[in-house]
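Common to both upcoming complexes is subunit A, partnered first by subunit B, then by subunit C.
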Partner chain A sequence: MVNEVIDINEAVRAYIAQIEGLRAEIGRLDATIATLRQSLATLKSLKTLGEGKTVLVPVGSIAQVEMKVEKMDKVVVSVGQNISAELEYEEALKYIEDEIKKLLTFRLVLEQAIAELYAKIEDLIAEAQQTSEEEKAEEEENEEKAE
Partner chain B sequence: MELPPQIQAQLMQLQQLQQQLQMILMQKQSVETELKECKKALEELEKSSSDEVYKLVGGLFVKRKKEDVKKELEEKVETLELRVKTLEKQEEKLQSRLKELQEKIQKMIPTAQ
Partner chain C sequence: MQKLNKHLKKKKQKRKKMKKKLNNEFQEVIDFLKSLPEGRRVYIEMSGIWIEVTKEEAINYLKSKINEKEA
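This part shows the complex of A and B:
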């Protein structure tokens, strides 16, 4: 009985560690998705603003410099492997949107994995409760017999 | 009950093989991820109408000819594919050695009892 409880305890701890790992991964994904959404919003705003308009470009965290929007029909996008390529404005938007979709799909997979782990933990807790109740009943039966 | 030293030695070897296999699988996964990234980068480069692309060198973007970068990426893909194949062969060998050893240990256990 004691060994069984220890085993269940260890299994629950292992599942919780896995859940924590998955949650951290989801956190990282959310940060990337937020950055990509910000890029989309910025690109759309600049396009709406139009060429020749002045914007403030952040330089570090507390400073900004004025710059004029010159060309918005081309966007340089990172394509991985430390390489960035010039894409048409619409293509760049689609590329970023596709990246967001892929990340959201992956996020869903991770969430499902977390739900499955929680279900496993619940099963283990139920198993532990049942073992404990059986043990209790057995003890009571033994006590009655002894009396 | 203590296991005979011969079985203990075989079990230790089995554990080492399992660790080696784990390492190979991790390496394979990492190479496969890089390969996927390289192929995706190549795919995206095709979409760009410009003849020039930018490569991040240190903290700076350096303008490079698209064809040169494509060639570099294609060579990298070739190298990575070769590495994946090598790792797959190593994985197969280790799997068969593991299987052999497991069978050997299983045969030894009844005689030890």
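This part shows the complex of A and C:
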């Protein structure tokens, strides 16, 4: 009985550790998604408001340099593995939107995995309670026999 | 000994799986580059420096990275 309880505790701890890891991963995904959405919004704003105008581009964290946005028909986008490619404006928007969709899909998978782990924990708790109740019933029965 | 062999086998399988995933990621980028029309500018970032290359050069660069990891 003691060993069984220890096993259940260890299993629960392991599941909780997995859940925490998955939650951390979801946090990182959310940060990435937010960044991509910001990029998307900025591109759209530059297209409508910045074309042909002077903008300030940060140089480090303390200075900015004036630059003029001639046209927004081309965008250089990071496509992974230290590679960036020149895309048409609409292509760039679509590429970023597709990346966001992929990340949201993956996020959903992680959330489902967390739900499954919680279900396993609940099953273990129920199992522990059932074992405890059975032992109490057995003890009571033994006491009655002794009397 | 049997337990150790089992552990090593599991570890080997994990490395193989990670390698496959990484190769897939490289291949996705290669496929994307191939889908681009000719004349598009492509850059490779190395130590904070972005180098403009041709599409073919970028593809060859990525293929060489895959070969390095498979070796």
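The rule we apply is simple: the second predicted complex is superposed on the first by the 136 of 147 C-alpha atoms of A that agree within 3 Å, B and C clash if a C-alpha of one lies under 4 Å from a C-alpha of the other, contacts with A are read in each partner's own complex, and residues count from 1 in each chain.
The working rule: a residue touches a chain if its C-beta (ideal position, glycine included) is under 8 Å from a C-beta of that chain, and two chains touch if they have at least 3 such contacts.
Note that the coordinates shown come from a computational prediction; the quantities given were computed from them, not determined experimentally.
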Touching partner for A:86 - first (subunit B), second (subunit C), both, neither: both
Subunit B versus subunit C as contact partner of A:119, first or second or both or neither: neither
Which superposed partner A:76 touches (first subunit B, second subunit C, both, neither): both
Chain touching more of subunit A, residue-wise (subunit B, subunit C): B
Intersection of the subunit A residues that touch subunit B with those that touch subunit C: 76, 79-87
Touch list for subunit A against partner subunit C, complex: 76, 79-87
Subunit B residues touching subunit A - in the complex, by the definition given at the top: 37-38, 40-41, 44-45, 47-50, 52-57, 61, 66, 69, 73, 76
Subunit C to subunit A touching residues, read off their complex: 25-26, 28-29, 32-33, 36, 40-46, 50, 58, 61-62, 65
For the subunit A and subunit B complex, residues of the former touching the latter: 74, 76-88, 91, 95
